[in-house]
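Next come two complexes, and both contain chain A; in the first it sits with chain B, in the second with chain C.
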Partner chain A sequence: MSLVKDATGQSGQGTPVRKSGRSPVLPTASRVATDAAEATEVSPAPRAKVWPLALATLVVVGLLATSLFVGAYDVTNGELGAEMMWITRVPRTVALLLAGAAMAASGVVMQMLTQNRFVDATTSGTTEWASLGLLLTAIFAPAIGLAGRMAVSSAFAFVGAMTFMVILRRVVIRTTLVVPLIGIMLGAVVSAVTTFLAVQTNLLQMLGTWFMGSFTSVVRGRYEVLWVVAIVTLLVFLLADRITVAGLGKEVATSVGMRYETILIAGTALVAVAAGVTTVVVGFLPFLGLVVPNAVAMIRGDNVRSNLPWVCLGGVALVTVCDLIGRTVRAPFEVPVSMVLGLVGCVVFIAILMRSRYRG
Partner chain B sequence: MKLRHARSSRLLAVASLATAAALALSACSSSTEAAEEGEPAAATSVTITDNHGEVEVPVNPETVVALDNHVYQTLSDWDVELAAAPKGLMGTLWPEYRENDDVFDVGTHREPDLEQIVAAQPDLIIGGGRFGGSYDDIKAQNPQAVVIELAPRDGEDLVEELKRMSTALGEIFDHADEAQALNDDLDAAIAGAKEAYNGEDTVMGLITSGGKIAYAAPNDGRSVGPVFPALGLVPAIEQTAEDESHGDEISVEAIAQSNPDWLLVLDRDASFAPENRDASAVPADELIAGSEALQNVTAVQNGQIVYLDANFYLREDIQLYTELFTQLKDALSAS
Partner chain C sequence: MVSITRLSPEGVLPDELEPEAPRWRQFLPLIIVFGVAVALAISVLVYGNPAPAGSDGFWIIVGTRLTALATIVLVAVCQSVATVLFHTASSNRILTPSILGFDALYVLTQTSLVFVFGSAAAGMEGIPKIIAQSGIMVVFATLLYGWLFSGKRANLHLLLLVGVVLGMGFGSISTFMQRLLTPSEFDILSAKLFGSIGNGNVDYLPYAAAITLLIVAYVWRKRKIYDVVALGHDVSVGLGVHYKREIVTILVLVAVLISVSVTMVGPMTFYGFLVATLAYQFARNDSHSETLPLAIGIGLVTLLGATFVLKHIFSAGGLITVIIEFVGGVLFLIVLLRKGLR
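Our next item is the complex of A and B:
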């Protein structure tokens, strides 16, 4: 929470405003490129300041520790309490960490690859494709198991993300807001198909329960597959520099000798796996991949590699705070994290939009 | 199938026009004829009070459409034929309605096909339940029919509502004795369960779906809630429902902490095609009795978990409530 507040609160300072003639309404699309270029040049600068990152890490660790000790069951209650700690609290906290980091990191990747600030898994239709895949497994292969379900879901997410990329390339007018609009439209079409199929097969209510992003049912034995997204996050870290270069556009990337297409596909695949797996285990986490990278970029500019730790920390912090709110506000009942996230994310997102308008 | 239906409904529309005209012409004469034939003194219509007030309903109406899930079992037991029904909401039950091509399919409440009701030209439409929202449309589209709603009303005592419903159905379909028997059975089952309950054990209602557990509040929680006031059960957590029909999200921790002595579980997904159900829609049994976190809960340790009939979610009728109370009586007295 504190990170997000910082991000929106410190208007005025932060990244230098730069003028560019390419996009008339919001300068973001081109700024991704220019800022990134500048940030790469001066990358040694942030290294001098290690302590803010250390401090932020401390805050997030504190949040995670709080998450371990907040809940309906009295974990201080002797042996049973200790056991409950391992059955529900630890898995839940680990899941928050993994999902938060992965969704935020894949948001960055999406934004770099599309050169657009307003794109993430939810605004590019990727999660909708993932849920279509999930529903199809429920209809045609109900016995496929969690791992198979995730594979199918991720495959669909990949197809969806690639469709989005291909359509983007064909679109001539690519102002900042048109790009996410295309994604949202695509998502709407896909989710209409999903809903239709669900109605036909009497699975609509089940679908609703399923995709309601919530960590309530995360317990030992039902979340372990989420570790897959740890690999995704790691790979994003490894590919960070290339993704930054890809974010400069095809011409620049190719001219500095990078295989643009390969990075594009690799990046899209990472996003797809992150979206597919989190959708199956946790459900939709709206705004996470959108708000966090934007907030970080606003303060620190656009160097993916040096921002990534901040983005991951921010993602974990945001989702953990939202889950903590969801856990306590109606205790002993819970409010799904997606609901809290939607509310908080909405406010932050509008704040970011307003701010970029003023700066433009 | 679709085509055939479309054609048949068009034919019916034409036929209905013709019949209406014929009826209008012969209206006066036919009524006198009936009287002259010297029918026994049986009443031709009965006045009942439905959810909207007093309605005059023909006794043993010729063409009946039923949309309320609470009535199918009763109608089926009394061999009442239906002209249209929402087949999508019948799961695998009542094959005489669901698999009968003469019965028009009204679809589901989410995607209703109300024209099928018009095509059926009913004399009586039993609306309500999931189709409660379509009442005004149905009434407007079927001026020739009597439309009644008998479904249990919100905020009323469910047991009384169920009995009111079967009494009304008994009067309409001339099965008053059977209706009385249904009501008596329910009362007896409740009395039995009440007697078997020790008045102290805490009870919690749960709804499971899609691998998740939700809490069904006493009184107003789906299916399970009304059992609490009927038997005077002590709830393990006292809280009103925010989401009455789908339950409120609850963690296994909260269930473990409140440590209920009894669990009443409705498996919502069980109603739909159990044979090819989704694997992640873990059967309630596995989700609750198999949950690591719930192993120390009294209800799980002593096996004091009552699962509702697999089709409870689809029916919720007086017969199933009677069964549930009997089931509870047996479980409570066995412990």
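Our next item is the complex of A and C:
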């Protein structure tokens, strides 16, 4: 917490450093957004800020409550209904909450660490690595159990995220747009390997079912491990300031007395655990970590710490809405949430890209 | 003049042709590439045939394999020509139609047709339907990609990123709609969309071949014009080429070629990129009379070689596209990183 104060305190002498570290990261869009949000952002009435957040929380709670009561089985119906509620609806809703918040928060972390607002688990290939890990456990250690799968999957996600960052460092001039491209292509290459292995071992269909992000299979006894990502989200909150400083670049971070590498690795590990665990339990949630933080930054500016609750709420809201759409659009059946999310995410992502295009 | 026939491998007579030797030598890469392609084609047809050579069974198996071979050849030609043309239209060599989601767009068009018109559309057959479908695809692709390329501030990386994400989005929408189809509609659709080299759509083969041949002939006639188009808008207009019309024509041709290729074997993202990049490496200059034949030849060698090796050596025939995706993807990354470094 004091770290950021140090950074701001030093920025008096070190303004050019800070500027040069920060400005290429942020397109003008965000600065304009900051200006717009200045009235609420800068005005020093901390109590006034609580209300919008409380309201948003209420909306999200409403969405989650809706999620509890939407589905093929009528849970308001007597004793069996109550039973079903606890078997499927509650776990599902909790899973939506956990996965949504964690993926959105880890999107913020990735964006800070790579200094690029177009990066998340989807556009850095991290999820593809996680699913490669998942497949390898299925091939070589089928009896490893859920915890083992998650560990391996997270380890692979970590390797993937680190590979991505190492490649980024090797690219001397990285334009904002080439970074997500490299990530997507890296993901494509990794997923070609995964497909190859899956075909060889007759696991392609199984892989498809796993990888297709969906909360359908989330029932009591199968989701509890997802609470791990609650810890991840919590840690992101605790480390928020450090990650923000790390996002200013190695020079600035080191000069304010931070162990840059440690934070970098810690942040990447958090993202990897979130991606790994979510992939094992739920599957692929495309663009979630990309769309939500960007939307929040557009509205509220770039104060990571005060944005984080909003990002988490936004993540939960988006996943829940997409899941509700998936559940209702073809009522007795379900459309996996990843498809709805992919569709929505793609449209929003391109809108963000185009916005930056017309702003030059 | 040395006629091409005399240059065929068995008829090379270098001594007599001493003064004109450079003339045939300039065709050397092409001769080698196509020679290898022919050798591979024959190997694919004949190798590992369980029936004794010359017997009836032997020829029946060769006949079945001939269909697969024709599919491979068609796909190779379509993808290579489409990619080179696309590079010309976009004046750069990283973009390829597939990376920009062209074939995902095709899948989307097909899916939405079935989605909107039901199994009536899916069950319908014949040339009018093919023309109608390709028409929709072509119009859409021309509008979309015409718009993407026309931007004043069109930035290469933005274009690429938008294209890649669009491709992902098309994929999502298609899968989404496929989920909403009835099982019977879905069956008909998926039988259409995801052929593989093993079981190419035999019914389409003659039409596809005819269309491809026509397009290749047309492109070959226009190769000099395309050399100019590759120099960009201003130069083309200065030299009296109707730039906009040529670009639109190219996009239409690319759309048709890609739709042929996707119908035959399904989407292949990096294959065209792989082939074209290799072709530019071996070509002595950038003229289309040089790059087009080389690209076709390399496309044939790559796909036939992969087929042969995977099918007969690793007995993993279904994986050809996956392997090519992997190799092509790695190559793409390397090129991208290098361009980023500069």
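As a convention for this text, the second predicted complex is superposed on the first by the 312 of 360 C-alpha atoms of A that agree within 3 Å, B and C clash if a C-alpha of one lies under 4 Å from a C-alpha of the other, contacts with A are read in each partner's own complex, and residues count from 1 in each chain.
Please note the rule applied: a residue touches a chain if its C-beta (ideal position, glycine included) is under 8 Å from a C-beta of that chain, and two chains touch if they have at least 3 such contacts.
Since the structure is predicted, the reported quantities are computational estimates derived from the model, not experimental observations.
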item: Side-by-side fit of chain B and chain C on chain A, or clash; value: clash
item: Partner chain in contact with A:Pro286 - chain B first, chain C second, else both or neither; value: second
item: Which of chain B and chain C A:Leu238 touches, first, second, both or neither; value: neither
item: Partner chain(s) touched by A:Val199 [first = chain B, second = chain C, both, neither]; value: both
item: Partner chain in contact with A:Val256 - chain B first, chain C second, else both or neither; value: neither
item: First, second, both or neither for A:Arg149, with chain B first and chain C second; value: first
item: Partner chain(s) touched by A:Thr175 [first = chain B, second = chain C, both, neither]; value: second
item: Chain B versus chain C as contact partner of A:Ala138, first or second or both or neither; value: first
item: Which of chain B and chain C A:Val335 touches, first, second, both or neither; value: both
item: Among 8-16, 62-70 or 134-142 on chain C, the segment whose C-alpha atoms clash with chain B after superposition; value: 62-70
item: Doubly contacted residues of chain A, that is, touched by chain B and again by chain C; value: 199, 330, 333, 335-336
item: Residues on chain A engaged by chain B in the complex (per definition of touch); value: 71-74, 80, 84, 87-88, 138, 142-146, 149, 199, 202-207, 209-210, 214, 216-217, 219-222, 327, 330-336
item: List of chain A residues in touch with chain C within their complex; value: 118, 167, 170-175, 177-178, 180-182, 184-186, 188-189, 192-193, 195-196, 199-200, 286, 329-330, 333, 335-336, 338-340, 342-343, 346-347, 349-350, 353-354, 356-357, 360
item: Residue ranges of chain C in contact with chain A within the complex; value: 151, 153, 155, 157-158, 160-162, 164-166, 168-169, 171-173, 175-176, 179-180, 269-270, 316, 318-319, 322-323, 325-326, 329-330, 332-333, 336-337, 340-342
item: Chain A partner contacts - residues on chain B that touch it in the complex; value: 88, 108, 110-111, 209-213, 215, 237, 239, 242, 246, 248-254, 256-258, 268-269, 272-273, 276-281, 291-293, 296
